[in-house]
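Read through the structures below before going on.
Common to both upcoming complexes is subunit A, partnered first by subunit B, then by subunit C.
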Partner chain A sequence: MIFDFLNYLINGALVGLLYALVAMGFVVIYRASKVFNMAQGELVVFGGFMVWWMIAQVGLPLSIGLPLAFAAAILFGLAIERIFFSRLAGESVFAMVMVTIGLLILIRGLILVLFGPAVRPFPIVFPLKPIIFGDILIPRSLLFGGLITIVVGFGLSWFFNRTRTGLRMTAVAEDHEVALSMGISVKRSIAFAWALGSALSTIGAVIYLSGKSLSFLASDIGLSALPVALLAGFESIAGVLLAGLIVGTIQGLVTAYVDPVVGGAVGSVFPFLIMLAILFIRPTGMFGWKIIQRV
Partner chain B sequence: MRKRTLAGALAGVGLGLFAGGNAWAESTYNIASIADFTGPYADIMKDMVGARHAVVDWWNDQVGKGLGVRVVIKDYDGRYDAAQIASLWPGIKAELNPIVTLGTGGPDVAALQGRLPTDKVPMIMATAGYGFAWKPDPWIFNPRPTYGHEAGAFYEWFRNARKVTAPLKVAIISSEASPAYVDIHKGADKYAKDHPDKAEIVEIIYTEVQPTDLTTQVQRVLRKGAQLIHIQTNTAAVVATKRALQALGRTDVPIMMSSHNGLIASGKAIGGLKELEGDFEVYGMAVPTEGKTAPHDFEQMLVSKYKAQINWTVATVMGLNQTMVALRAIEATAKKNGADKVTGEAVRNTMLSTPITSEQTFGILPNLTYTNEAPFPLSGLTVNIATVKDGKYTIVADKAPVPTIGKW
Partner chain C sequence: MDPAGVFATSFEADAALIRTRKQWLALALFALLLIALPWLIGPRLLAILTVMLISAVVAVGLQINTGYAGQINLGQAAFMGVGAYVAGALAAGWALPFWLTIPLGGLAAAAFGFAFGLSAVRIKGFYLALTTIAAQSLFHFSILNLPWFGGSNGVTLAPASLFGFELSSDRSLYYLCLTLTTVMVCGAFGIVRGRHGRAFIAVRDDDVAAGMMGINVVRTKATAFLIGAFYAGIGGAMWAYFVRFVAVDQFTLFHSIWFIAMVIVGGMGSITGALIGVFIIKAMQETFVTLGPSLVSYIPSLGGDIVYSVMNVFLGGVIAAFLIFEPRGLMHRWNIMKQSYRMWPFPY
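And then the complex of A and B:
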């Protein structure tokens, strides 16, 4: 009984860290451009298809195929910024969000045209055999994914708070006009954010899909990561890690203990209930910036 | 001599006019083909829709011409989305005025079951039936019983094959992403309740349509003694479950799939059919193995003679089965009422009064006798079961009887 509980707890936390990784994509793009990217799940799918194409289709080994897939995803992120968002500088946030909805539809169509609708076998990046301690069982893809997420999360947090480029991006996140007046290139910061968001989505795809199947349905993970980003607040990278752990753990426990009792998928709804509750109490999320305006 | 030549010429012209007159009198009817080109089943649509068109071409050429009836088929992308289908339907009705609609899955049923009786258009499905549509006075017809019936037939066959004397312990991996998925596990649950001596559902696990990892859940149901894992949702769930079973080192618990997520489709999604060694698929229509069978011969004829752009897959069999049922019903209606009096309502009445034999569908389906009590035949149905044996797609049982289940 206690081992079951520990299994659900650990696996829930690891799934939560995967959500946190995808949610970091939301946060990075939001911090730089104030754009809530509705197409974050589609970036995961695009990154996934790049990995599949390089390794399963072209036949490259993991050591070459993975870096090339990341390079392709980064270029894709830069292209998105150059084609759509560089032209929208100074436009309303609403217009930019509408563009991300268009982007969602465009990427889905692009994937269908380029790769077709067939479900593809995703390469096995992490060993399939789980780590077993007595009755406790930990899937390796989620364990390695969790460790990668923590490293990436703290790395990005350090980057945004300690490095010159990161601080420039933080300034851009606060106010585009003020950043411009200080000689900071807002366009370059936004381009960097899209490239970073795209790379994070590709890491997410590798962890999420390793050894499983790939189709555009994988974009649903963007929706699962949404409560994590909102719970953390859209500005805090480290906060996303904590929010991911909270959402994942609760979801795992509810799925294990409540779903069989009520006969329904309460576990998948529960994170959204937490998100709504937090938004009622604290609209900026747990770690979101509080904007104080002096009049 | 000259008179005879003139008379011959006049007779020739007369015959020509008569034949031409018949051609002019040919009645044309439309079939609306609802497909999913951009939704979760987009990957199988090429074969399914290709099969629909090929059967219509064959029927127009071989049957319709003699009856003075021509059928035109047009595709619409319903995206496997009830809202999309509901919004498309008024346009389809206005543009095409179809006498029959071909459906793809549960969302079509959910979206249109309330409208079709008013619009007097029957819909023929390729899938198994649904409990939520199991009502009298049907306008939607399934050539197969419900997924619950098909699963029940498999449970009974599997229990006998494995010589299990106690109730078979079954775990179901399902999802709440679609009303059809929910209906599927409710049907299997009802079978187990109606036949407690034959099956016990140890747990229903709910997952996303693309599950993250199912190792913990699969370990839990194995600990509860599951002897079979039942998945009639999608290929992603099959792949995730198989990976979990592989991770746990269990090869003794097979997965049972359906037509839309069967062995070939799931095999492609996991990287090879051999990964699904010993797993099963079950459905109430022909299994598209490579062997020489009447359904396969018919498909080969469509490819060679009518240039059908199809492969011999489950999706092709689905497209063939529903179009064949629709066309046989139109055929019987035209014979009974006359070529110019074929309406949606008349086709529906024919469905309820005229059985379709297995020979009429080239063995793709069993004999079908619809009644006013349900959208699918309530008796005489059978299922076919296939597996992967030594890496080969093989039929292990044909015409396994379908058990009775009460409504749910």
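And then the complex of A and C:
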């Protein structure tokens, strides 16, 4: 009984860290360009397909295939910036969000055109055998993924809060025009954001999909990660880790203990309830900048 | 801007939507065409046209909410779904007639939308849009788990009937939808040039300034959601009677995005624009669906799935292209053309 509980708790927390990684993609893009990227889930799927294509299709070994896949994903992010967002610098938030919604559809279509709707086996990056402590089973991919997430999270947090380049990007997130007038290149910042965002999404894809099946439907994780980003506040990178742990454990426990009672997918809708609660109680999240105006 | 020689001499004339004889004539011809169409085209085109009419109601609602009041709404399909399910369940469970279930469906959707519009008390802008995504997933969840809506089996309902006539043929359904759409669109024109419409526009352009002028901003935003969701609900109820089978996967986030695409392509802040957007997007969709298979039969290596995916690429590209190159949509382009035509040969 207690072991079951621990199992749910630990797995929930690790899944939460995975959400945190995807949410970090949101936050990084927001933090460096003030664009809220609705197409994050699609970036994850694109990264996943790049990895799959390099390793399963072309037949490269992991050590070469993975870096190449990351390079491809980063190039893709840069291309998105070049084609869409470099023309939109300084435009309204509305236009930006709408463009990312257009991107969501576009990338999904692109993936379908390039790779088709079939479900593919994703290459096994992390060994499938779970780590076993007594009665507790921990999937290796999630454990390693969690560690990577924590390292990346603190690294990026340091980068954005302590380095000169990171602070420049933060200025872009605050106001495009002010940043421009301070001599900061908004375009370069946005380009960097998208490159970083798609790289993070690819890491997310590797952890999420390792040894599982890949299809365009995996993009749902983008929406699941939304409440995490919101709970942390869109500007906080390290905060995403904590928010991911919270949302993940709650969701894990709800799925384990409430779903059988109610007989439905409470676990899957619960993050959205959390999201609504956050929006009503504290829209800036736990660590966000307190600049949200309300009327 | 009016054509040369047309001057409004009274307030009524200045506020009129239709200002010249030729415009009356064009409108009358268009109405005649809409009435005559069922006898001119085949059943497949008629079905497409009916779907267009239904989508028009939903898109006009979204236009009021997003285009006029400036509130991004990513849950329009969920609001439509609420209308469809409530109308369907009332018709199937209590055997209520359609002239009761359709308004009730609209009201139910309006209540649902209003609840989300109320979150404007706390948040605005993009955060408000996020609550509508939550609406989408909450809708999905509640429909599948609430006892009245048949869960994943959906709701099957009998055809609408009026004075003993069954409205189940393509033509009768078309006329039913045409009547309702006309009423709703006329209503929309009324709303947006009335007191509420002016409040919407003021809030869209600058909500702080609107508040200064004495507009109750929160109430205006919530009203916008209420009206937008009401339209969606009516459209959903029409949809329920059109397909006579309501299922939860007819109202996904993706459908909401299609509605947004219609509004963007047609032009933000114009009811006519919403109608044009519906026509163009739906026509494009149907062209892809119709031409796709024959194209695939010529080039078999493409595979059947390609149609759907190319449509997605195209749609996503169209949304992005419009936002980048013509954020105000086709209606704006049309107005520019009309104006320069009326000015000609003078530059201004």
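Throughout what follows, the second predicted complex is superposed on the first by the 291 of 295 C-alpha atoms of A that agree within 3 Å, B and C clash if a C-alpha of one lies under 4 Å from a C-alpha of the other, contacts with A are read in each partner's own complex, and residues count from 1 in each chain.
The rule we apply is simple: contacts are C-beta pairs under 8 Å (C-beta built on N, C-alpha and C of every residue); 3 or more make two chains touch, one makes a residue touch a chain.
Note that the coordinates shown come from a computational prediction; the quantities given were computed from them, not determined experimentally.
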{"item": "Simultaneous placement of subunit C and subunit B on subunit A, clash or fit", "value": "clash"}
{"item": "Partner chain(s) touched by A:I2 [first = subunit B, second = subunit C, both, neither]", "value": "neither"}
{"item": "Which of subunit B and subunit C A:L137 touches, first, second, both or neither", "value": "first"}
{"item": "Partner chain(s) touched by A:N11 [first = subunit B, second = subunit C, both, neither]", "value": "first"}
{"item": "Partner chain in contact with A:F84 - subunit B first, subunit C second, else both or neither", "value": "second"}
{"item": "First (subunit B), second (subunit C), both or neither touched by A:V119", "value": "first"}
{"item": "Subunit B versus subunit C as contact partner of A:R108, first or second or both or neither", "value": "both"}
{"item": "Which superposed partner A:V261 touches (first subunit B, second subunit C, both, neither)", "value": "neither"}
{"item": "Which of subunit B and subunit C A:K129 touches, first, second, both or neither", "value": "first"}
{"item": "Doubly contacted residues of subunit A, that is, touched by subunit B and again by subunit C", "value": "108-109, 112, 116-117, 264-265, 268"}
{"item": "List of subunit B residues in touch with subunit A within their complex", "value": "37-38, 40, 42-43, 45, 175-176, 203-213, 215-216, 219-220, 234-236, 239-240, 243, 246-248, 265, 268-272"}
{"item": "Residues of subunit A that touch subunit B when the two form their complex", "value": "4, 7-8, 11, 15, 18, 108-109, 112, 116-121, 128-130, 137, 139, 141-142, 208, 211-213, 215, 217-218, 220-221, 224, 255-256, 259-260, 263-265, 267-268"}
{"item": "Interfacial residue positions of subunit A with respect to subunit C in the complex", "value": "36, 84, 87-88, 91, 93-95, 97-99, 101-113, 116-117, 223, 226, 230, 262, 264-266, 268-269, 272-273, 275-276, 279-280, 283, 292-295"}
{"item": "Interface residues, subunit C side, partner subunit A - complex", "value": "70, 72, 74, 119-127, 129-131, 133-134, 137-138, 140-141, 144-145, 207-208, 211, 217-218, 221, 253-254, 257, 260-261, 264, 303, 305-306, 308-320, 323-324, 327"}
